[in-house]
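Beneath this line is the structure, given in structure tokens, with notes to follow.
Chain naming follows the written order as A, B and C, and within any one chain the residues start at number 1.
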Amino acid sequence: MNYGLHIMIVLCIYMMLATSLNLIAGTLGVISIAHAAFYAIGAYTTALLRTQGDASLVAVLVMSIITAGVAGMALAIPAIRLRNLYFLIGTLAFQILIQNLAMNWTPVTGGAIGISGITPGSVFGWRPDAPTEFLLLALAVLLGTTFIVYLLTNSPAGRTLRAMREDELYSASRGKNIGRYKIQAFSIACAIAGLAGSLHAQYTSFITPTGFTVMESVFILSMVVLGGRGSVWGALLGAAVLVLIPESLRFLGFPTAIAAELRMLLYGLALVACMLWRPQGLIGEYAFGREAKQK
Amino acid sequence: MTSLASAQSLSKHFNGVVALADFSCTVSENEILGLLGPNGAGKTTLFNVLTGLLAPDSGAADFKGNALTGRTVHKIANLGIARTFQNLRLIRRITVLENVLLCFKNQPGENLINVFFRPGLCKRHEAGIREKAEVLLGTAALLEKSNDLADNLSYGQQKLLSLVCCLAADAELLLLDEPVAGIAPEMAERILAIIADLPNLGKSAIVIEHDIDALKGIAHRMIFMDAGRKICEGAPDEVLNDPRVIEAYLD
Amino acid sequence: MLQVLVTSIPSGAIIALVALAFAFRYRVFAFIDMSLPVLFVIAPYAAHVCIHRIGLALGIACIAGIAVSCLLAVFLELALWKNLRKRAPATVLLLTSLGLYTAMMAVLSLAFGHDIRSLLNSGPRPTVRLCAVAVTDVQILIVVCVAAIISSLSWAHNHTRFGAQYRAMANSNELARVSGIPTTAREMLVTIVSALLLAIAGILNALDLDLDLTSGFQPFLWGIVAAIVGGFRSLLGIAACSLVLVAGLFACGWYAGTKWEDSILLVGLVLTALLIPRPDLHSGGKGDKE
């Protein structure tokens, strides 16, 4: 039973990560491999607030949203001028920068050991200590963020994001302020990732830099790609597939170290297979951009 | 007639090729200006400079008293200028209706605060522009195609759609780059009719076309360009009978 | 400090090879191939296997390792990239390469585990003193090899028919094919050459430092940065940039602590991208306007 609850909570967190990345990589159409960095920023913010004082649940969630969102804005403002592939390198750079900070800025982040002893915050006396209680919290937050993403994707703003994805120049010629849209979408997506990080920190009670690497970013990206870029349901589905299916490896009796590597192998192959045979993902709304006509 | 937009001594060259050479012109309100000239004469370059896609090497342009040079693309569009592209830019993977909806200005739903905190306002506005879009599509006889992907339209219908989008943007000055090139006569007529009607709607247009007959029917004035320069300017008959123009087209 | 700077030269040389390999491929294939670090890492691992399981001598093992890397590159080109490049845009190619990297690294991880190995016998290497600075024989070997490789590559690029064909393809693949250049064959050549560069870099790196699975990613990252900052056109430019970059990083590392090198690199990259106008990097650049 506890295992089931555990998986559900992990799934909620990854669904939040996937839907938020989908806002950037799917609806806006710009690939980022820095999502784990914002996940980390939220997690570390929460960890520090909870271990250095007894911040309330609300305070912790809000602060994680703010730090991750502001960091997202800080990255987006200079980076949006770059063409998409160079933007990707920019996100890679940011991701590694944050990883390095987490690993090396020992007085603040605890270095390689990380931060432990993170207990969940409380709100009006209720503290989600038990797994069932935490699941309630996670579900509530997931519903809230998914609703926000859904609302945004189906609004005129979302329409503009999609148009920008297809033809940025044309959208600008129709009066759309490209920079503003990109920054806003990016910041919101990063803020949600930070929120997910906050939940993660409070749930697993300890965080280390190894949980927030480039590979983690690629993992989240794979969920979006596999499920279908541009589709909110697709992101949810992709998260479900990539979290649940490898869990079944556990039941095949592999020792944990090997299972971890096998999982990575599966992800890698799934991504390659997806790109080869179904680039639009399982239920995605489009394959890939206008560049497809190029060669 | 009052001047709506003007270009003063615009010059632009790329790697030694002269695209615009000391080019000046004016467009008045409620006027259709035809722009003629052989390929490479600099017509599209002029459009690119006016809409902010290219910065001129020298010279200036303005629209309703606002300087155009140095302004960003989207800000120029929001001043009230809309254009079509020679290679027909549209958002192909969304529907015809969505393409038109995209072009309306000042939609509250594009502002995130409104999306989350004033959903009623957004919904009402969306319903409003949807009605307007359907009216526009109706006058262009594209209404049955509203929910088709723009990609599924014929070439002529796509060109018509891009014109409808310019109308949706409620621009006062339309820059139309070869609006009827390469399409069937019936469709061309439809498009030309809409363009010819623009002055009645309080709009002006600069139209680039190679089809002289088409242009003659709708333009109030014409300019003939070659190698970036204005060669001659005036009423259509004047320009078309100018020996330099005749010579250029006979080559 | 001088010691630090001089020691940075062999490392810079290795990065130069990686940067060149990356730039070489990128100019023709036009996408960022994130699976390249595997080619860098697999050569020394294969050599290690040759030495310890098969009992080959060091030199032959190294050549075998290089061969393995090249074979892998050729296999991937034939089985995957050749067809995918024709029909997929750069984003898909990038994602595929990410998937490949993940999968291949997982395989290597399963095969070799995470312990550190060395190609050479442990113990201090014989050093030479050059003007108050100590360099090991391996480091001298690295610098000499890389200098030789880069100069011959540069000469080939600028003075041979293959080089001219390559430059044509880098400019426009379509045009090159239409003018009769056998692009498919040349693409295979590019694959092999870049694999060679990466494999040699990997082996040289493993000779100097220890070998572990993660040792591929950092040089790749530094290599990309050097290639971007150096500009893709000039091979010597990229090489020079790599040397300067690594020297700079080592110097900074000496002051700030080596663990900060990556961060300094990236901050430097970001600042460069922001402050130095590089129109080819920005959207709305030559590709976007009519």
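In the analysis below, a contact is a pair of C-beta atoms (placed from the backbone, for glycine too) under 8 Å apart; a residue touches a chain by one contact, two chains touch by 3 or more.
Just so you know, these numbers come straight off a predicted model, no measurement behind them.
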Chain at maximum distance from chain B, centres defined as averaged CA atoms: C
Chain occupying the middle, per Cα centroid: A
Gap in Å, rounded to a whole number, between the CA centres of chain C and chain A: 30
CA centroid of chain A to CA centroid of chain B, Å: 42
Length of the line joining the C-alpha centres of chain B and chain C, rounded to whole Å: 49
Residues of chain A whose C-beta touches two or more other chains: 169
For chain C, residues that touch 2 or more chains besides their own: 289
Junction residues of chain B - those touching two or more other chains: 53, 85
Chain A residues touching chain B - in the complex, by the definition given at the top: 148, 151-152, 155-157, 159-160, 162-163, 166-167, 169-178, 184, 188, 286
Chain A - residues contacting chain C, complex: 31, 33, 78, 80-86, 88-90, 92-94, 96-97, 100-101, 103-104, 168-169, 214-215, 218, 221-222, 225, 258, 261-262, 264-265, 267-272, 274-276, 279, 288-289, 291-292, 294-295
Touching residues (chain side chain C, partner chain A) in the complex: 31-32, 80, 84-92, 94-96, 98-107, 109-110, 173, 217, 221, 224, 228, 257, 259-260, 262-263, 266-267, 269-270, 273-274, 281-285, 287-289
In the complex with chain A, residue positions of chain B that touch it: 51, 53, 72-74, 77-78, 82-83, 85, 89-94, 98, 101-103, 105, 107, 109-112, 115-116, 119, 122, 126, 165, 169
